[in-house]
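You will see subunit A twice below: alongside subunit B first, and alongside subunit C after that.
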Partner chain A sequence: MSKINKAIYEIQKIDSMSKEDKWVNNIHPLIKLFLTVYYIFLIVSFHKYDMAGLFGMCIYPIFVFVLGDLSFRDALYRLRVVLPIVSIMGIFNPFFDHTVVNHIGDVAVWGGVISMFTLMIKGIFTVLASYLLIATTSIEEICYALRLIHIPKIMVTQLLLIYRYITVLMAETKRITQAYSLRAPGQKGIHISAWGPLVGQMLLRSMDRADDIYESMCIRGFNGEFPRMTKKRKNKGDLIYLLVWFFVLFAFRLYPVFEIVGGLFV
Partner chain B sequence: MSHIHINVENLNFSYEKNQPILKDISFTAHENDAIGIVGANGVGKSTLLKLLVGLDLRFEGSIRVEEIPLSQETLGKVREKIGYVFQDSDSQLFMTTVEEDVAFAPRNYGLPEEEVQRRVDEALEKVHISHLRKKPIYKMSGGEKKLASIATILSMTPDVILMDEPSVALDPRNRRNLIYVLNEFEHLKMIASHDLDFIMDTCNRVILMDEGSIIADGDAKEILTDKELLEAHGLELPLSLYNE
Partner chain C sequence: MHMADALIVPAVAGTMYAASTIAAGVSVREVKLENNPKKIPLMGVMGAFVFATQMLNFTIPGTGSSGHLCGGMMLSALLGPFAGFLTMIGVLLVQCLFFADGGLLALGCNVWNMAFYGCFIGSFLIWRPMMKKGATKGKIIAASVIGCVVTLQLGAFSVCLETLASGVTELPFSVFLATMQPIHLAIGAVEGLITAAVLCFVHEARPELLWGVGETAGEGRLTFKKTLGVLAIFAAIFGGIVSLFASAFPDGLEWSMEKVAGTSELEATGGAYDFFASIQEATSFLPDYAFKNSDTAAGTSFSGIIGGLIVVVLCVGVASLLKFFKNTKVEEAKADE
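And then the complex of A and B:
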């Protein structure tokens, strides 16, 4: 399978995962969206040296992975490009922050090292939370939730269409590169002299195709609203889920729960 | 049965100034008509169909669907009645699986989920692709995609079907199947194609176009057997007539 085919397959896989009939998938999208934003907000609010407290926040992704019957291995595979990038964000901190915040034996631990790890963990948790949202909520449901909180229709439609066009763009790229490789046998990659016309063609074709898809959606009743979801109501279970997580995450933010629990055994 | 009809009067259209694509097109399509729009490549067949479904409103003249004039305000109403099948199925199918795509329109029209499922079942059954229900679109062959595209509009239970080159990419069996499906569809249908054999098998009326104008409008058999007329406008007799 070519790289582009693999990428299309991965997108389709996440899309079909989000439409499975599981308990987590059936929670109202607005609640999942709110919890994700709330979780990210709490994660970001941790102090740069508060690594112990931050570890406690792993409870949310672990819980959703288990409850949603999602594969952690698959998630790591899918996020293999993003995770290293978010992980190296704080890589220069040890060079700038030499504040001694702790000692391991006789070795002083610099604040820069701690903040580097804190930043890495923050990045990883944030990306995981976003992944869990899209793995359990379809793009239409996310857009519907955004409309419920009065995000302008034009922005929500843009989001939906960008998502739809990703595969269109990839499919066009695949066609063009295939056509190129068939007439450039034995050549590895695409010669630099062909980059300009190829990218130009890809852009023009994708725009045409995107136009057609939008037209196809419009003539089948799409007007930027999501009538199917209007029948989706928040039930008692959804609200309990929201409240429980709201207070649990808040408690984990305020107190280093793992540290406290660990202290009980020392 | 619906009593829908389409009335087109003095329709003119161009993408750029002084380069008219459609010139003074007028006709009325009645509820039981099966109209083949034929002509060589680039005569404006696809453009005409696109205008009928309101994909471009920069035209002069008038298009009325069941007495509703086609305009920005009436687009929603008109499109509920008309199903349009694109020439290129990749332009029509955008959801993950066949089932999702076929359900797109009924869901958009706010139908209850049971009704959506019933319509999806029925549409897939009609084009004989129930077994492809869960198949990802990107893994489908050209012919399968074409049939899925048709199912996506059948699930809208439209009063009118407009099709742009529906027989392209179909193998003989699927082609026969499509002819059967179209002949079973009792409402108004308009098919743009240069596959004259397909038009002969599915249409009772033909509109022959050349250079953006209507050259002839009448009985399908009469026009499609008129060798001189066809050849004068860049077409040839249907292959089946050559064999006779």
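And then the complex of A and C:
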């Protein structure tokens, strides 16, 4: 599958997942947005040597994955972008940080090794949290939540439009590159002589398309204001969900819950 | 150059969010002042266009590798810096949500590193002065290449600074910087050439679409309000620097306590004290107004600014949540009636 096809497939898959009628999908988007940012905030606030405490934070993704009936494999696929970057940043830590933080038998464990793994775990958890948000919340709902926190209308509207036209323009790009590659067999990318005309034509066509869209929007009554998005009903269950996670995650951030529970049985 | 959430600490994320929010606020105001409703769909479609072109591989002659288009510079050359900046925010948000490229908490950093430099520095300091007396092919190529190289260098430098301030990697700053800058020099030059090729085509086909061509210098003159804004920013920067020196000396209360009790800090023990001390220790990412595990003066100064911002954000956040759920009850009561 080509790069463009993969990207289109990924967007469409996430879009269809987010619109399913599941319990997690029906939670108010503002609450999910708040919890995601709060969770990521807590994750990145962990100390670089606090790997045990960080492990405890896996509780949130596990719960939402089970409740939302989501594919863990799809989520792992998303790590392909972040994990290499995080690994490169962390891989030097064992060479520079030789602080002994623990012993396994007679072997001293360096702080650099712990901080490297901590960084990777942080990378995994933060990506999973964003995935859980977008896989259970449609972009329209996220935009609605952004409006509730007073993000300017102009930004929210253009975010919706970007999302709406990504797949359209990607499909057009796919057709153009396919036509180009048929005329230039065996060539890896676009030749320097075609950089300007090929992308320039695409650009002008996209700008003309924007004009058409503007005219269509005007015909449908657009006057600078985007039509009111579907209002999501808030209920007590959502509030309880928020409060429970707020305090549970806070408790997991403060105390090594896994160690405490293990201590009860050992 | 997208930074992941794991690579930053909350203090850095908060600072960069605050800086990017100010730039976004100014941009929203400027776009509103333009009063051109046609621009909103154009921004949306152009944002999607940047996405689509990211999928294209441009072969770099003689190397066998490929490059991509520089979104910030191209958008600001076509839409203007303010609309371009807002479009880039949308692009970065969609990239982070749908492709896990970047992060929600690191969005402020990414907006600053890529959109701010690309749109504002690139257009106001490079594109517009060069296009003041009209555009030619040579000028467009020079502006695009210089713009992309300079803005990418600034972006890469910011990534190094943000990573250093976050303390997530033990890699020495000089080594990190020496790796990042040359890589982005090459990327910037290639991106600049691709952007130049596209903009030259637009110049030949539809020159009226290019922003800032033939504008007089008078338009860029600072007004009274803008001057005040610039002075406020300088005051904040110098305030931060001055606090580096101020923080080295005890304040009045500490001085008096030192005279009376022989120590500037009170010591306390007990159950309640220990409980709250443990909460503070676990949650503070700037203990004793400095970066965790760091005694640097820069950390002290930075913490003062961040502390104030966090308190304001927390107050606004809690008040908004309370208002949000209070409104729900009122709405539900009205619906029941």
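Some observations on this one:
Operating definition for what follows: the second predicted complex is superposed on the first by the 203 of 266 C-alpha atoms of A that agree within 3 Å, B and C clash if a C-alpha of one lies under 4 Å from a C-alpha of the other, contacts with A are read in each partner's own complex, and residues count from 1 in each chain.
In the analysis below, a residue touches a chain if its C-beta (ideal position, glycine included) is under 8 Å from a C-beta of that chain, and two chains touch if they have at least 3 such contacts.
Source: prediction; values computed, not measured.
Residue contacts after overlaying the shared chain place A:40 against subunit C, while subunit B stays out of touching range. The partner of subunit A that touches more of its residues, comparing subunit B with subunit C, is C. Using the contact criterion defined above for the overlaid structures, shared-chain residue A:246 touches neither subunit B nor subunit C, since it reaches no partner. When the two structures are aligned on the shared chain, A:72 is found in touch with neither subunit B nor subunit C.
In the superposed model, A:222 makes contact with both subunit B and subunit C.
After overlaying the two complexes on the shared chain, residue contacts for A:199 are found with subunit C alone; subunit B is out of touch.
Applying the stated contact rule after C-alpha superposition, one finds that A:16 touches subunit B and leaves subunit C untouched.
Shared interface residues of subunit A, touching subunit B in one complex and subunit C in the other, are 164, 168, 209, 213, 217, 222-223.
Residues 2, 4-10, 13, 24, 28, 31-32, 37-38, 40-49, 51-53, 55-61, 64, 66, 69, 78, 86-87, 89-91, 93-94, 96-101, 103-105, 163, 167-172, 193-194, 197-198, 200-202, 205-206, 209, 278-279, 282-283, 285, 292-293, 320-321, 324-325, 328 of subunit C are the ones touching subunit A in the complex.
Within the complex formed with subunit B, the subunit A residues making contact are 8-9, 12, 15-16, 19, 164, 167-168, 171, 209, 212-213, 215-223, 227-228, 230-231.
Within the complex formed with subunit A, the subunit B residues making contact are 53-55, 75-76, 79-80, 82-84, 86, 88, 90-94, 96-97, 100, 104-105, 107-110, 112-113, 136, 138, 152-153, 156.
Every residue of subunit A that touches subunit C in the complex is listed here, in rising order: 3-4, 7, 10-11, 14, 30, 34, 36-37, 40-41, 43-45, 47-48, 78-79, 81-82, 85-86, 89-90, 92-93, 95-97, 112, 115, 119-120, 122-123, 126-127, 129-131, 133-134, 139, 142, 148-149, 152, 154-155, 157-166, 168-170, 172-173, 177, 187-192, 195-197, 199-204, 206-207, 209-211, 213-214, 217, 222-224, 234, 239, 253-255.
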